[in-house]
Amino acid sequence: MQEIKREDLIAKAAQLLADGTVDRVIGWKKGEFDYDVTPAVFTSKEELENEFVWNDFCGANFSKYLRKEAEKTESKAAVFLKPCDTYSFNQLLTEHKFDREKVYAVGVPCNGMLDDSKIKAAANGISSVSEENGKVAVETLYDGKITLERNEMLAERCVNCKSKKHVAYDELLGEDGEVLDSARFDEVAKIEAMSADERFAFWQNELSRCIRCNACRNICPACTCEKCVFDNPDSGVENKAIADSFEEKMFHIIRAFHVVGRCTDCGECSRVCPQNIPLHLLNRKFIKDINGFYGDYQAGAEAGSRAPIVDFTKEDLEPGEAVERGGENA
Amino acid sequence: MKVSYFPGCTLRTKAKDLDFYARKCAEILGVELCEIKDWQCCGGVFVSAKDEVASKLSSVRALAAARDEEQPLVTVCSACHNVIKQTNSAMQNDPDFAAKANLYMSQDSNASAPYNGETEVYHYLELLRDVVGFDKIKEAVKNPLTGKKIAAYYGCMLLRPGKVMNFDDPENPTIIEDFIRALGAEPVVYPERNECCGAYVVLEDADSAKKKSSKVADSAANHGAEMIVTACPLCKYNLEKNTSVVPVVYFTELLAIALGVKEDTDAE
Amino acid sequence: MQVNGEFKPLIVAFCCNWCSYAGADLAGNNRLNYPAEVKIIRVPCSCRVNPMFILRAFQRGADGVILCGCHPGDCHYTSGNYYTRRRMALLFSMLDYLGIEKERTRVEWVSAAEGAKFAATMNDFVEKVTALGENKRLEDLRCKK
Amino acid sequence: MLNKTERQKEQILRMSGVNPLKCMRCGKCSGTCPSYDEMEYHPHQFVYMVETGDIETLRNSDSIYKCLSCFACVDRCPRGVEPAKIVEAVRLTVIREKGANHLTANEIPALLDDETPQQLLMSAMRKYSK
Amino acid sequence: MQRIGVFVCHCGTNIAGTIDVKAVAEALKNEPGVVFSTDYQYMCSQAGQDIIKNAIAEHKLTGIVVCSCSPRMHENTFRKTAAAAGLNSYMVEIANIREQCSWVHKEMPVGTEKAIILGKAAVAKVNLNAPLTPGESPVTKRALVIGGGIAGIQTALDIADAGFPVDIVETKPTIGGKMAQLDKTFPTLDCAACILTPKMVEVAQHENIRIFSYSEVSEIKGFVGNFDVTIKRRARYVKEDLCTGCGACTEKCPQKKVPNEFNLGMDNRRAIYIPFAQAVPKVATIDADYCTMLKTGKCGVCSKVCTAGAIDYQAKDEFVEEKYGAIVAATGFNPISMDKFDEYAYSQSKDVITSLEFERLTNAAGPTAGKLLRPSDGEHPHTIVFVQCVGSRCAACAEKGKEYCSKICCMYTAKHAMLTRDKYPDTDVYVFYIDVRTPGKAFDEFYRRAVEEYGVHYIKGMVGKVSPEGNKLKVQASDLIAGKQLHIDADLVVLAAAIEPDKSARPLATMLTASMDTNDFFTEAHPKLRPVESPTAGVFLSGTCQGPKDIPETVSQAGAAASKVIGLLAKDKLTGNPCVAHSDENMCNGCSTCGNVCPYGAITYEDKEFRMPDRTTKMRRIAVVNEAVCQGCGCCTVACMSGAMDLKGFMNKQIMAEVDAICK
């Protein structure tokens, strides 16, 4: 259950539209199912009241939309940002991906979002999902009403939430939170602790499910190239369908490597993966290594910061040591 | 402040004064010397051969004992200090030696954790300089030795090997001179102060030792010294046995006189 | 690659023009032998080596990839190899995480004066990779002969 | 197979940790040595003779008992050769042999006087016997 | 499709001995794009090059591959060959089948197989090569010489004489350097001042030379031909243009107790001073550390006596910005500190001195007006001991001194010993040596004269300890030839201290991005073939900042550096390296990652309007590479996620083609 109410968000959006601060608002609206909330642009109070949604399924990170949205007109757009979204927001600013002047950022507190796949696993034939006394109430076609524990339905990235603090906004609704000590690297450490053969088998199994739908890339707030290397016939790595297991690995290594030091760990890649590949575990490996090798660094915590991958010290560890250390971390 | 204290064989016998006044003065200066339990003689001299392990174990035990107390290890005798510091350095820098020594040590009935050179080793003079501070000693002096011309005699063991002892500039040391100054006396600097007295060779070749000791004492006398101070019983023995130009005293005695712990028998 | 029943690894060595390529030349000048399995590609600086090149080499059949550059602090371009060091530390750690044998990739700093080190490094690397056998984990079956 | 001299040389180098090839033959050790005049062979010769394998000569010479272990040569050597350690190693190869102790407990009482510090006995035993 | 010619060189038997060159040429014939393939004895010879030129014409080649020695050896040769035949130089690739093949593999089949693969890789690359044209950048026709010793002076004079303006930056108040402190010079015994001061005057009067004395370089930006340098002119509190150098102030200044660094502290000077009579510029300087006026605001004597009104207590450090085409480092040397060699009692006795101090003691303008007197008591010394190699030739593990030979000490010690015996035949002079090293014209003859004609006692051995006893210095040393330990009662001991690069060299090297060795000597571009150039383009080396040298060597290197500078400044434009980074603006998304890693600041960003498919336009931020600044490392190409940034001559697809060819 979210502390901040839908009405408060609509009121804020309507006010921003009314006083001319912005001429459009990026928010969420209902999709085909209750758990299928999609991003939308609202331009009037009526639209907002009719379609605007704010519930436990508003996981989508809007930061990336700003790249396109801010270019459209000379006027400002308002955007609702959850704490984790603000990291992406800053990171995009660091990379000059949108004009800050054209965006009005409204921070909204977040209590964690639900993972529809977990609900789907627990309930068959879902017809509606709602909240009841802090629990998740699911109406199903076959089994009637099912009540689920909210905590158990939380998305992985919310279970391991790294921060309830907004690092960027023009205005904040509700109370701001703190940066949290999360256990988000535990899963990485677990994999590191495996033998090389086990690790290989684990990833072989995970990555072999990849259908190269590119959802992970397209949703990623860090993936903002004009033309992705995987779409570029001249890049030497172009490929649009997986023809060999090598390509699964290459695609995901390169994808993760291209966001080293830029990935804010927003978790969108894993959220949208239709094959449920834990892609965030690749990104987090890089984040964990960066923290271990070069000192703690959180991409997006501060706009304009210099990522460790484009920085150095004279005393950095050697790649050979890094590999040994990676093993010891386990 | 509490420190572990290793007196050494001679300080219990022929050089009781060196030990007695060290303890007395430490009390006054606010340092508690905690004598290591069941310490064993350091062997008197460091055998530099890398394959000599057993002869260095008494030092390792003392070092490990101090480590267990989380205290630095303090010695007064130059020879003990030299042996223990060199042993400590070998434990730090020679893994082969350290492994062998720890293997021996693990057989001890009350063996503690393997020792890897964690303990800091101070000579009593270093303690005075670096922990207590000569300024503080100067303040504590009750009977300043004003007007006394005293020659510091370092000999070889306090200073060398320079890289290991890391005690002072082996070619131009100043610590004992500064100490003498702190007591209100006037140090006499003479070139033989860091030359060897002849050491253990006295049993082998008494003439050789006499030659070396005389050179030291004569040089000090020529530079106007009324007294020589030393930290080493063997130096004192060689100088006293072979020369008679200048009296030789332990530095702790001198400190005791200045601090008023000991009557100055030479006074007046 | 199997030659007469014996496994001969294919090694791609990326060498920076200023130090390591010259170091390899010096190994030649001094007639210091190393296995012919090592094939050198000249790049201006080790920092020119894109992780994509390394993956490409494995895809196309390499059994080991080694990067050689100037010693840190001696980069002809002042800081290129420092970036190499970070990039490869992270990349190699990722490959290890994916279960790819860590002995297949290496970074060595070889100066223009270190012909002997170049030869010794290559001998050692070839030996290690030979011990691992063929690259199976990053192979592309379409590129197999 | 190493012959006896080669074995001895290797043992001396291993015990002492000295590399005589680092010596540039400047003679500063012998310029430094306070026992120079008591010695038949001098510090720089010890280094050179061990290097060339002329070890038996050194073992038979009284010079090995004359070194004071004062380490002045070790500290002043510009090449870090540490001649005193090589002298000690040569001496040890002798006294470690059966019955080759240079000083025995029986000889000691005659050498003592009232003031002799224990330290002297200890160190002499350490240096001259096994 | 390219039309490629392949040329396989035998290099006599260097290649052909281990590689079947005919088989290589034959195998490469079938590679895509190859239309011609041949082999020849020596491709780099005139005849070999003619084969290439003819083939280019005859077969209308668009690219060539030479399988030969290392590209580091002959890439340029073959590029010129191609250009002479009308082919773009950058359509040439070398397959290194000598250093990296025939010389490191013993068996013919193995070598041949590898040579073919290397050839294939080169062919694969050439297939993707594009003609490149080097960019041009203008040359600022002005040189900067950092350091005003004999090296800097000679370099500056030679450049200025060739007609180019030169600035000398010197940290001291005067130019002249160490040579100005010397008495005589070996092996001819000319008076140092007699040969140096005319040159200093020439510098002062040269219309093309400006001297920034009492100044230092504080910032260097830019690149060969176009350096932007900021020079900090330290406040000397005396207006250089007004001061006449009359010296009245230096006589009246009441602060008399300032150690005189020109005489190495062996006497005192005033707080306002002119270092020596022939100083250039001959201008007084106030030492702010000692001047009572500057410290307390009370005094002002110098201002009162200065009839020219040159004193300015309010002076501040000033910064001058200037553009230069070339920079010469001539930062010189200093004797090392004797702290770690106190067995020689340098800190314990005034009568133990270094050789440079000895120079001042024998110099007519020195503290004793040229009379050799003991610093302690002003007595004439009768027994003098010289100790050579103090701090030179030390092993690293000794943790003191320098590993190298300082090169000049043997000769100046012979000079000192000889001059002493010449002037004072009543002295006994001993020189303790390890080796006497005298390679040089008339050098050994000079040393032998010291022994044979002047009776200097050369003793092979080393001093172990110097003990000051009374008014004597007891010297204990070994005489290795006699097999004795010597004890000499000396009156004066002179230490031939090792020399080391000036401390200012290291920060300067950082500013210049010039490399240094572990001893802080500047590294040369090539130890044999490019000894006066730094690996950094446009930076040249003069004198002892590159390694120990005597005066004639310094002067010849100074001249060589000058000639390199003149060669550079004589050009109106510099052709750059065309293998530079280039950003494809259609793919660039302006993220600025590339700019973060560029070591040269060669990448800037700008907003550019793009026409969209729907006829609208859109502003987008894109990266732009300054090709004159880019050095072509390629770091940005890897930082660039999209691959918009690529490196000409080493493009992504070229390198991948090489990978493919090797792995096939």
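First chain written, first letter: the chains are A, B, C, D and E, and each begins at residue 1.
Going forward, a contact is a pair of C-beta atoms (placed from the backbone, for glycine too) under 8 Å apart; a residue touches a chain by one contact, two chains touch by 3 or more.
For clarity, every value in this text was computed on a predicted model and none was experimentally measured.
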Response to the item:
Going from chain B to chain D via touching chains takes a minimum number of steps equal to 1
Fill in: Those chains which touch chain C and also touch chain B
E
Worksheet entry | Neighbouring chains common to chain B and chain E, by label | D
Item to complete: Could you say which chain's mean Cα position falls nearest to the mean Cα position of the entire protein shown?
Response: E
Discussion item. Between A-C and A-E, which chain pair shares more contacting C-beta pairs?
Written reply: A-C
Response to the item:
Cα centre of chain D to Cα centre of chain E, whole Å, reads 47
Worksheet item: Centre to centre, by mean C-alpha position, how many angstrom separate chain C and chain D?
Response: 50
Discussion item. Suppose each chain is reduced to the average of its Cα coordinates; what separation in Å results between chain A and chain D?
Written reply: 74
Discussion item. Taking the mean of the C-alpha atoms as each chain's centre, how many Å separate chain C from chain E?
Written reply: 33
Item to complete: Specify, in ascending order, the residues of chain E that touch 2 or more different other chains.
Response: 343, 399, 465, 597, 639, 652, 656
Response to the item:
Listed in rising order, chain D residues that touch 2 or more other chains are 72
Worksheet, complete the sentence: Residue ranges of chain A touching at least 2 other chains are 229, 235-236, 309-311
Practice prompt. Kindly provide every pair of chains that touch.
Written response: A-C, A-E, B-D, B-E, C-E, D-E
Worksheet item: Of all residues in chain A, which touch chain E in the complex?
Response: 71, 94-97, 224-229, 232, 234-236, 258, 306-307, 309-311
Worksheet, complete the sentence: Contacts from chain C onto chain E in the complex sit at residues 10, 12, 17-18, 21-22, 24-29, 31-34, 36, 39-45, 47-53, 56-57, 60-62, 74, 76-80, 83, 87, 119, 143
Worksheet item: Which of the residues in chain D end up touching chain E in this complex?
Response: 22, 24-33, 36-37, 42, 44, 72, 76-81
Practice prompt. Show which residues of chain E lie in contact with chain B when the two form their complex.
Written response: 339, 341-343, 345, 347-348, 399, 465, 467-470, 474
Worksheet item: In their shared complex, at which residues does chain E touch chain A?
Response: 586-593, 596-597, 605, 618, 621, 639, 641-644, 652-653, 656
